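Report on the following structure.
Letters are used for the chains, namely A, B, C, D and E, taken in the order the chains are written, and counting of residues starts over at 1 for each.
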């Protein structure tokens, strides 16, 4: 369908998305937003897998399944993360990452 | 092994006595320790005389020279491939002569001390040390090789140290002992370096090999040259430093006056008759090497000897401590002996100085021991060393007085006392070699007579003092040795030394050169006369004289401030300017560096703590930074 | 330019835009919505690539599941109107620099590499093929990961439950309880 | 069982025995029995060694025993002794024996004390019997580590600091050593052979010279740190000063000898070419050690510091001799190790006993002690005299052998170094006599000291054992020097066979 | 592949069954009976561990996604032993009222992470590797946050989860590039065709950092200390020992098989990271006062040593890494066990609290001392051998300076290990921790550690055994 779009365009997009996700992880104060940044990262990787699979190695479905599994992992990660975040909210009444520096040095 | 093997016992008996008495010190009651020691040495003395008789007379084939041979020898240590250290007994004229001297004087001192040291705390300890000293000294003279000599040399040093420091509770006694040890040790350093050089170049320590005229030591004198002198010459000079230390030659003499802190019998034994002549003996022992291998070294010996004799004699005229006067006199006399060796040639008539030196050594041992023991008797009687606190003692101490007078006459060189003969030979030898040296010695001869009689008059004449206790003559056990030694002083001059103890073992004809003898007797008489005028009765003359030469007198009285110079060097330079900075450097620089490294680690540890802020985003940042850095380095820079 | 191209650029543009908005928007809930748009756009790309099954999973699990979870928790933990605190400028700049450096480096590296497609014929990612591969235990089959992921999901669930479970009998304190050694063994 | 293995088994059994004891009396009894057995065993070993040798057994190592331990790395438990090791073992036996008796009244945690002490001894014994570099290193570290506890728990003064410093510096040394040993291992045989840690095997081949150049400094300094090589000696004064008596004895007496022994057995033996090339650097350092240690000692006031600095000086002489690389110097080095071991152990024992009575180690606070504690005073004087190299005591023999060996080098550099080293004998005399003078002589300074008790039986036993050792070597050194000399043959052959660039 | 072949995966299967059984039993227990879970779980786990020792042939299942061989089985057994000890040591903590309601969950989560690790080690492709990694991480995050009321615990949980999510994102990106550039996710296919063109190096670096995160290599280690401190102590020991060990195992396998052609590149990279890791870890550890945090940094430094073995890239290197991890498990668990026992009884976790411990609790102190010596690499305990062999393998590749730096670092590490010993043996305390008796489980756990620390070094057959299974590039 979109075979005429160069592979590198997809990769640029996914890479940018990947680093945007990291950027979000680095600057957002809210734990949930950080979690969302993580989702961005994983999503960008998924695009990579899918695109590689489609453009380069369409004979097998490695990339496809990799993405599938990553989505599942992302879901479970999110579940646990949110559970902990809620716990933190209970303890701190806030989910600002700035509060989380009781332990340092 | 041969018929002289028994000589091994002469040193060994005192050693056993030392070990036994030393270990059982607490258990020995009363004089038991002393008696054991005296008995041991008595046997040694007997054996020594027997050896002398056997060697010089019984076994001697007329017309031949006296040979040297080893009575016993065992290997003690393999040092290097070619060097072994042996221990043994060497018999030759000088060693046998020394045996006689040492055992005689030592035996006398042993007997004398039974009285003198009576009631002292550590009486047995005293005898143990005396025995140790006797052992060491005998081992020294019997040494078959240079290294054995060094071993016993050191042992002599330590026994001297122990005996000087006998009254260890007196700080002055111990510091004197310490000084003696360290100064002689410093000299021994020279000795050791000399031994190292000599043995390295010749491959042997053995005296017989070394002194063999055709041996390597003498043959290799033309070898490597350092600062204009051959290595052998340097080695000999270094060895002489060792000898100078023990024999209290200038400038290593400073320990000897202080050593008088020891008990008087010790001074008589060690610091008059035996140990201090070890330096002379050392040079005499290596004499062929000196004479043929290092004439320059021999010249050094001569000049040092001459200077010391003059220097010491001058100081002796000003001292008031009777033992110190005797000590300086000893230095002066040893200077004579050294000079005599220094001006001597090798072989036959040429070797007159060598013979004279040994001769003087022999006679000096007798009369100087006598003087010291006499002084001991005086001190015993008045409990003081200071001649200003004495006077008129001739009435109280008749025997002491008489023997002391004999000794003074002997040392002043008045015939027919033995000192005259030996000193005369020295002057002859000096006269034939170097007129300046002769002049010095001639002057010293007069000076000697003067200060000895100054001493004599101050003690036994002058006005009477009021003593706390009336002085009384020493017991028999003390006076008998005095008498025996006086006997020796009088008659030992007649021994035919020129036939017995010569540089090459062969005898030669000797006669008294009256052209030199008469002026020297005159010098002695003048010296006595001046002393008589000044000191026989109390008058103002000495006072005036010292006033008019006040500068010179003060310097001489303070022993030319050599002690102060030494004190400066040891206290200031070594302690404060070397040791203190070293200690500081060690604590602050070296240790500081080590602690500094630890401190740096600690500092690094503190300074990177900011890395761990506890903020998860910063962790992520570092993580990303790490990834980027790795990519940069390993993808793009590599 | 075909429709496909336009579609692609549309999706690409929306992905990038909404990604940026997700991480920059100061209102959390909006961030979540932007994230939803990103995920949906991604699903669009999957559709375009003919990976329909994957696109469907993307929509249901990601967009449907995770986003809902996130929004739910946002609602639980913050007020809707609440604006997020902005990170210090320094942090933002440094992070941006590092991220930019990383992105540039990575993209440069990607462009340097010549990707070569495999010569072998393509398999269509239809439901049969996907299903077959999913249960295949031979090479290129994914039965094992499929099974393992179930353990992961179960574990995550148990973990989440254990964490979320409220414990009533304990006070919330900052420190671990200092138990008396005597009664700790009884309990 | 191999006789050498017994040297490890007996201490280990003793340690196990102590574990079952209840109080000081029992634990010291067990220790004393164990270490007496060890001393007797040392004696038996010397005897057996002598008989073997006189029976004509010319093997370089006797009583060898070899078990493959880690086949993959060819690590063996390989033991064997030559004259040098036998001598060192005998030394260790004596010092440990004396050490046990010197700490007869260690009240606080006595079991632990004796266990640590004997563990330390185990390490030392193991080190001396090992032929395998790996086990050697293992035992080396076993010997070092109990020091920390011994100083830290039972020490005095700034004990934590000293213990830490000592341990860290010595372990830093073993860092260097580790590199050296591993390097030797990987170049132990020419390409293709089975790599080995066995010293004898390695010595059969030549390690490539360029590797030697790299590895020699590591190995030598590594051992040198333990041998108090300047400027890495600073652990020694602090460590000794803080350590309890028996530990100072063992440490200065035996543990520091590991350095000299290792430098000699590993660094020089296996890498002679590099040793030749680089010796000058270390000769400078060791000469500094010798003179500097002696000068450092003059200024100290604390008895233990004085002795520690004197150890720096004397151990410097050991390394100095080792670097001279000829037969006499090597012999001298070994004798010096033994002699210093006994002397310094004696010193520390005495210092401990004096400290136990006066509760001070500052010499200026004491004085006239000879009068109150004559036995200890006399022994102190004997130790001092031995230390300053008086003939009749072991130190003299050692120093002389070293000086004569060193003097065999005829170039100016070696000569100057030698003469500087020789001059230390005077400085030694100065500080020894200074201490004797202030400490023992003169009037009693403090009336508290008027009625101090003299030595007990166990103190007498401890000191007399050491005095006997010192005197025995000093009076009849030939058996020892011949024993060592003979054992040096392989090393001398190797030294003679090497091709030196430019020679 | 027949159905019976599935039994090859006995470790994973048994653990899964065990986990399920625990959940089922738990459902049938009321509140008071929960503590019965402890003997049941430990008993079951003991059975699993023992079964692991039954030898079985090398197999490859699922078309290469799963493989097992002697070495892999050995690694699993090592992990099993470690987990067994941890389980024994966590009893005291589990019995405390705060946790007694969550016993089976604790066991379940712990076991599921272990399953993840087993899959990870056995993985033959990147998908299983990733999945195993995640399975080994996510439940751990839940465990780290296990103690609700403790803010530190929650903080640790979220820090672990977020950091690990970031790192696994980066790892995934690397894997995607590996996939993109090679066309496969199977190790065997990739290993045959991997080259060092920039993209593939970049992909490798991304992948490596993800693993480095798990092993806590500097600069990817920052989460470690905080998480270790905040997490419950048994979770900390699990993280520091089992997690790290498993990651080290798979890392060395991957390095030696998949990326072997990159060896020239990654050697210098590992060199750099090893130096950084050892040094930074030590520098941080020096100043720590909290025992858990202290052990965290010390374990970072230990991870640096592990890299030395990888650097050797030979059989010796692999052997030494596996051996080191084995030894490290016993040593570190010994230390953690003592900390856990004390913490469970008194709640004290600071080094100062240990002052004078020897006088009151000599056995614990001795075990602690042994562990410290083993960690520091002091003979005759096993740690010495572990370190020594690592150094040997690095030296075999000619990295003498690195060995030197490493041993210097070991010396620095000795410094802080000695601080602990100093606290226990030398320092005096006004109110030392009172003498107490631990429960039987803890005792057994601690004794196992002591036994391991002592025996492993001298028992050279262990090393030989590993060596026979190992391989190099």
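Everything below uses one rule, namely that contacts are C-beta pairs under 8 Å (C-beta built on N, C-alpha and C of every residue); 3 or more make two chains touch, one makes a residue touch a chain.
What you see is a predicted model; the values in this text were computed from it and never measured.
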| item | value |
| --- | --- |
| Set of chains whose contacts include both chain E and chain D | B |
| Chain ID, smallest distance between chain and overall C-alpha centroids | D |
| Reference chain B; chain at largest CA-centroid distance | C |
| Cα-centroid distance, chain A relative to chain E, in whole angstrom | 27 |
| Interchain centroid distance [CA atoms averaged], chain A/chain C, Å | 4 |
| Whole-Å separation of chain centres (CA-atom averages), chain B against chain C | 100 |
| Cα-centroid distance, chain A relative to chain D, in whole angstrom | 65 |
| Multi-partner residues of chain B (at least 2 other chains) | 609, 612, 614, 616-617, 620-621, 624-625, 627, 631, 635-636 |
| Numbers and ranges of chain A residues touching at least 2 other chains | 11, 18, 21-22, 25-27, 34-35, 52, 56-57, 62, 65, 69, 73, 76-77, 80, 83-85, 87, 90-91, 98, 100, 102-105 |
| For chain C, residues contacting two or more additional chains | 87, 91, 95, 98-99, 102, 105-106, 109-110, 115, 118, 140, 142, 145, 149, 152, 155-156, 159-161, 163, 172 |
| Pairs of chains satisfying the touch condition | A-B, A-C, A-E, B-C, B-D, B-E, C-E, D-E |
| In the complex with chain A, residue positions of chain E that touch it | 126-127, 130-131, 134, 138-139, 141-142, 145, 148-149, 151-152, 154-159, 161-162, 165-166, 169-170, 172-173, 175-177, 179-180, 183-185, 225-226, 229-230, 287, 293 |
| Chain B-facing residues of chain D, complex | 165, 168-169, 230-235, 237-238, 292, 295-296, 298-300, 309, 326-328, 331, 368, 370-371, 385, 388-392, 396-397, 400-401, 403-405, 407-408, 410, 418-419, 422-423, 425-426, 429-430, 433-434, 437, 440-443, 476-478, 481-482, 485 |
| Residue numbers on chain E that touch chain B, as the complex places them | 158-159, 162-163, 166-167, 170, 198, 201-202, 205-206, 208-209, 213, 219-220, 222-223, 225-226, 265, 268-269, 272, 280, 283-284, 286-287, 412 |
| Interface residues, chain A side, partner chain C - complex | 1-2, 4-5, 7-13, 15-24, 26-30, 32-33, 35-37, 39-40, 43, 46-47, 50-52, 54-62, 64-65, 67-69, 71-80, 82-87, 89-91, 95-96, 98 |
| Residues of chain B that touch chain E when the two form their complex | 601-602, 604-606, 608-609, 611-612, 614, 616, 618-620, 622-623, 625-627, 630-631, 633-636, 638 |
